[in-house]
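Consider the two complexes below, in which subunit A is the common component and subunit B and subunit C are the respective partners.
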Partner chain A sequence: MALPPNVNATDFESALRAWRDSVGADWVFTSDADVALYRDAYSPFWGEPEERVASAAVAPSTVEQVQAVVRVANQYKIPLYAISTGRNLAYGGSAPVYSGSVVLDLKRMNRVLEVNERNAYALVEPGVSYFDLHEHITKAKLDVWVDPPDPGWGSVIGNALDGGGGWTAYPFRDHFGAHCGMEVVLANGEIVRTGMGALPDSKSWQHNKWGYGPWVDGLFRQGNMGVVTKMGFYMMPRPEAMQTATVQGAGQDDIVPLLDTLNLLENQHVVNGSTSLFGGPRPPGAPPGAAAWTIQVPIYGPEKVVRAQMEYCREKFAKIPGATFTEGELFRTPLDAATLNRVRKVSFGVPDLSTFGMLGRNPANPAPPGGHIGFSPIIPRTGEAVLEYSRFYTENLATVSEGGTLRFLGPVFMTNWERSMVAMIMFPIGRDPVHNRKMRGAFERWVELAAAKGWAEYRAPAAFQDLCAKTYSYNNGALTRLRETIKDAVDPNGILSPGRYGVWPKHLRKA
Partner chain B sequence: MTSRRQFLERMGWTMVPLASGLPDVSVAMPVTAPPALHTVLIDGRYPQARSLGNRIAGRGAAVHVVTDGEITDLWLREIQPVWKRRPVALAGLTGSSTLFCLEQLAWTHGLRVAFHAEHVVLPSQQTLHSVQWRDTALAPVDERTLVAAGANWSARIGDVFTSYHRNLPITATGPSCAGLEPAMPAGASLLTSWIIAPV
Partner chain C sequence: MMKRATLPAAFAALFVPLAAIAAAAPPAAGEAVYTRWCVHCHSSGRGNPGTDSLQVKYSGKVPAVLLERTDLSPEAVSLFVRQGVLSMPPFRKTEVTDAELAALSSYVSQKYKKPR
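Entry: the complex of A and B
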């Protein structure tokens, strides 16, 4: 059994005993076989000495047990790493950022506490997955949708806290943005409820997210200031219909008016679905007349409103010379089984695991990535930014890819978020340490090159969270120093998820 | 919000169409009472897997055909309801993503990987074998045995599967490393054989 860093065997044994008393002996894991389950399945350091691994794991089932676990950790100064279901693959999974931490596994806290159809919200515990919530809603015949990410087996709370999102309409697909109220256990074991939940016997916890006074919920997004044990979410009332249009522009520079038009329509909330942008600078040999850019524009709502909004979109895009606008099939919900089987389920609020079908090796897909990590910088939502990033990628590709010998893939421009875009580069991760080392080097190089141009990550794999945090260095890293000040105040022993998203407690901070 | 699915689709990593004409996962073969393994999954695109499926089905086990690593329906309709009641063993000769997904889901229900072998089918149809993990309570099998079996190697995997009994004391368990692909020659395919069992 490994020891957490800076913890002696006697203290660790005492802590393990206390945790067994609190949560039951069956739910404290110390054997190598059990602890190995918390490895990051896509670790870019897989099998290398630097791979981040846990020393043990403890799995409470109630908030009172979470309090007890945290208090013991505080007493013995043992670092904990909180996970919900631990399926944050490509971003660290269930492995701690600080190697040797004890994983605080919350997947036994899996109760759907409330789904309110009338006001369209849910209150859940961290172990509730999108599958669980969808099943609850289906069994109860409630007329609201979940907004599943891809894949849908992860935690509703975990995905929101990591900065994840889904595929239906805005604002529901911005998972942290669509939350309303939290319950958090602080490092000293105290329970805090945010927003209206701070009112004893509150009757409006999931009705108003802001409450009274400074809003603190953001401290817990990609954070390590507390352990979130409950969270409310706005749910999407089942839309009557959904229709997607396809817009194409032939010229490379058409991306500028295409995105300007799309932005207007989204900012007006005429387009509310998760749009997709395909294309890029025209490759040599591309057939004449082929579209340089394709945008898919989904709209959810009442059928007659969707049809009117579609018509309005058509009028707006028609002002771009040469652009084409093609309306797709209009779907009326709920979908029957046959229809559901031919559409992308997550766009209709149904979680699935089909992503893994694409990730696996098969005869038509002989060199899949298997594991992967992604570099996901935010860029402005303009055509000019897309073209500038494309040039930047092309100019640096030969160098970073070592003359094209490293097969990473990108850039793909993601328009899922409103107001900004992600220009993603994806790196395959396998079992070969030499390959992985090269991919890590390429990842680091892109981070540095992009930061020099003013672009930085919104979400990073655990192994690169420090590197990406350092790119946010305005005014000598003032933002990081503010976060560290808060961290030191609320978690003076630095026991909660040290290093998560580059926020380290005082005793582990590097000069 | 960034989606790996969207990314993969755009990079041309697409799902494989069903080539064999076999039923997909939602159409289970006739089920009889399984002796020890609740269900055996096979990837119907591969003759070795189909051969194993026929062999196992002949012994009374339920066999499901999966074709593209997409196990959502199988999970929601078949496996999860059973595992919620009691942990029962599954086995498979499939792509690695099927094992990866089921293994992750199995942990929550008290099941672990008790056997894991990889079979790299080269364009010449020669197959390279690597036994990654085998609980010693299961029938012995190693790379040499599998190579010696030639084209009939999946029968030896079937022997491992049928050596599993409900009361077998499975103690040495994974996790597998099925989430990460091994380095393979160009044009090769990877099949994965596995048992997930209660511990």
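Entry: the complex of A and C
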């Protein structure tokens, strides 16, 4: 059995004994085989000394048990790493950022505490997955939709806290933005409820997210200031209809008016669905007139409103010379089983795992390495930024890919967020240390090159969270220093998820 | 000839206790675990990455849908669940307990034909 760093065997045994008393012996894992289940299956350091691994795991099922576990960890200064469902694959999965931490596995806290159809919100625990919440809603015949991200087994709370997003309408697909109220266990074991939840016997915890006074919820997003044990979310009342239009522009520079028009329509909330952008530099030999850019434009709402909004979109895009606008099938909800089987389920509030087909074994890629990580810098939502990033990628590709011998997927321009874009590059990761080392080098190079151009990550794999945090260095890293000051105040022993998103407690900070 | 999913002897030894638990588990228990954890990737039809992956791997020499396989022993099922394979990560005991794994392995391997 491995020991957590800077913890002696006697203290660790005492802590394990206390945890077994609190949560039951079956839910404290110390054997090599059990702890190995917490390895990050997509670790870019798989099998190498730098791989981030746990020393043990403890799995409480109630908030009182979480309090007890945290108090013991605080007493013995044992680092904990909280996970919800542990399915944050490509961003660290169920493995800690700080090797030797004890994983605080919240999967057993899997209760859907409330789904309120009338006011369209839910209150859930961290172990509730999108599949669980969807099943609950379906069984109870409630007329609200889940907003699923790509992997349906992810935690509703965990995805929101990591900065994840989904595929239905705005604002619901910004998962952290759509939350309303939290319950958090601090490092000393104390429970805090945020927003209106701070009122004893609150009647409006999930009705108003701001409450009174300074808003602290942001400290727990990609954070390590506490363990979130409950969270409320706004949900979308089932929309009557959904329709997607396809807009195409032939010229390379058409991306500028195309995105300007799309931005206007989204900022006016005429378009509310999660749009998609495809295209880029036209390959040599492409037929004349072939589309350089394609945008999928989905709209959710009452049928007659959707039809009117589509007409308005058509008028706006018609002002771009040469652009084509094609309306797709209008779907009335709820979909029957046959229709659901031919559409992209997540766009209709039904979670699935089909995304794993993209980077898994498939006819186009019969021998993939298995895992992947992504570099996801935020760029402005303008056509000029897309063209600049495309040039940047092309100009640096030969060098970073070692003469084309390393295969990346990218750049994928994601228009999921209303006000910005993600210009993603994907890196296949497997079990071959030589391949992984080359991919790590390429990842680091893209981060450095992008930062020099003013582009930085919104979310990063555990192994690169320090690297990406360092790119946010304005005024000698003032933001990082502010976070460290808060961390030291609320978690003086530095026991909660040390290093998560580059925030380290005082005793582990490097000069 | 059909390829069989074989196991090293050391792994097979690990699963002796599971076989004993599985004998006591009703088939419905295994089906419930399968429906909760496996069905999203290993069913038939569109959008099943596990099925799609096995179709490419075996090119139809063995069925791509898990429940149609006759070459998966309970021990092989348990191994894949706890070890993971390719894009599929391992499943922790807070997700699938040992007792649930035994029931699942028995359920998925219901058509298993022992090699002579």
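The criterion applied here is as follows: the second predicted complex is superposed on the first by the 503 of 511 C-alpha atoms of A that agree within 3 Å, B and C clash if a C-alpha of one lies under 4 Å from a C-alpha of the other, contacts with A are read in each partner's own complex, and residues count from 1 in each chain.
Just so we're on the same page, a residue touches a chain if its C-beta (ideal position, glycine included) is under 8 Å from a C-beta of that chain, and two chains touch if they have at least 3 such contacts.
None of these values were measured; they are calculated from a predicted model.
With the two structures aligned on subunit A, subunit B clashes with subunit C.
Shared-chain residue A:314: touches no atom of subunit B or subunit C.
By the touch criterion stated above, A:353 is placed in contact with subunit B and with subunit C alike.
In the superposition on chain A, A:167 contacts subunit B only, with no contact to subunit C.
Which of subunit B and subunit C touches more residues of subunit A: that partner is B. Shared-chain residue A:131: touches subunit B and subunit C both. In the superposition on chain A, A:90 makes contact with subunit B only, not with subunit C. With both structures placed on the common chain, the touch criterion links A:29 to subunit C but leaves subunit B unconnected. With both structures placed on the common chain, the touch criterion links A:435 to subunit B but leaves subunit C unconnected. With both structures placed on the common chain, the touch criterion links A:417 to subunit B but leaves subunit C unconnected. By the document's definition of touching, both partners, subunit B and subunit C, reach A:41. Common to the subunit B and subunit C interfaces on subunit A are residues 33, 36-37, 39, 41-42, 87, 89, 107, 131, 153, 345, 352-357, 359-363, 366, 368, 370-371. Partner subunit C is touched in their complex by these residues of subunit A: 27, 29, 33-34, 36-39, 41-42, 57, 59, 85-87, 89, 93-94, 105, 107-108, 127, 131, 152-153, 341-342, 345, 352-357, 359-363, 366, 368, 370-371. Touching subunit B in their complex are the following residues of subunit A: 33, 36-37, 39, 41-42, 46, 87, 89-90, 107, 131, 149-150, 153, 163-167, 173-174, 276, 278, 345-346, 351-372, 374, 376, 409, 412, 414, 416-417, 422, 424, 426, 429-432, 435, 459.
By the touch rule above, subunit B contacts subunit A in their complex via residues 1-11, 13-17, 19, 45, 68-72, 75-76, 95-98, 100-101, 104-105, 107-108, 112, 172-175, 177, 179-184, 186-190.
The touching residues of subunit C, counted against subunit A in their complex, run 36, 40-41, 45-50, 52-53, 56-57, 82, 84, 86-95.
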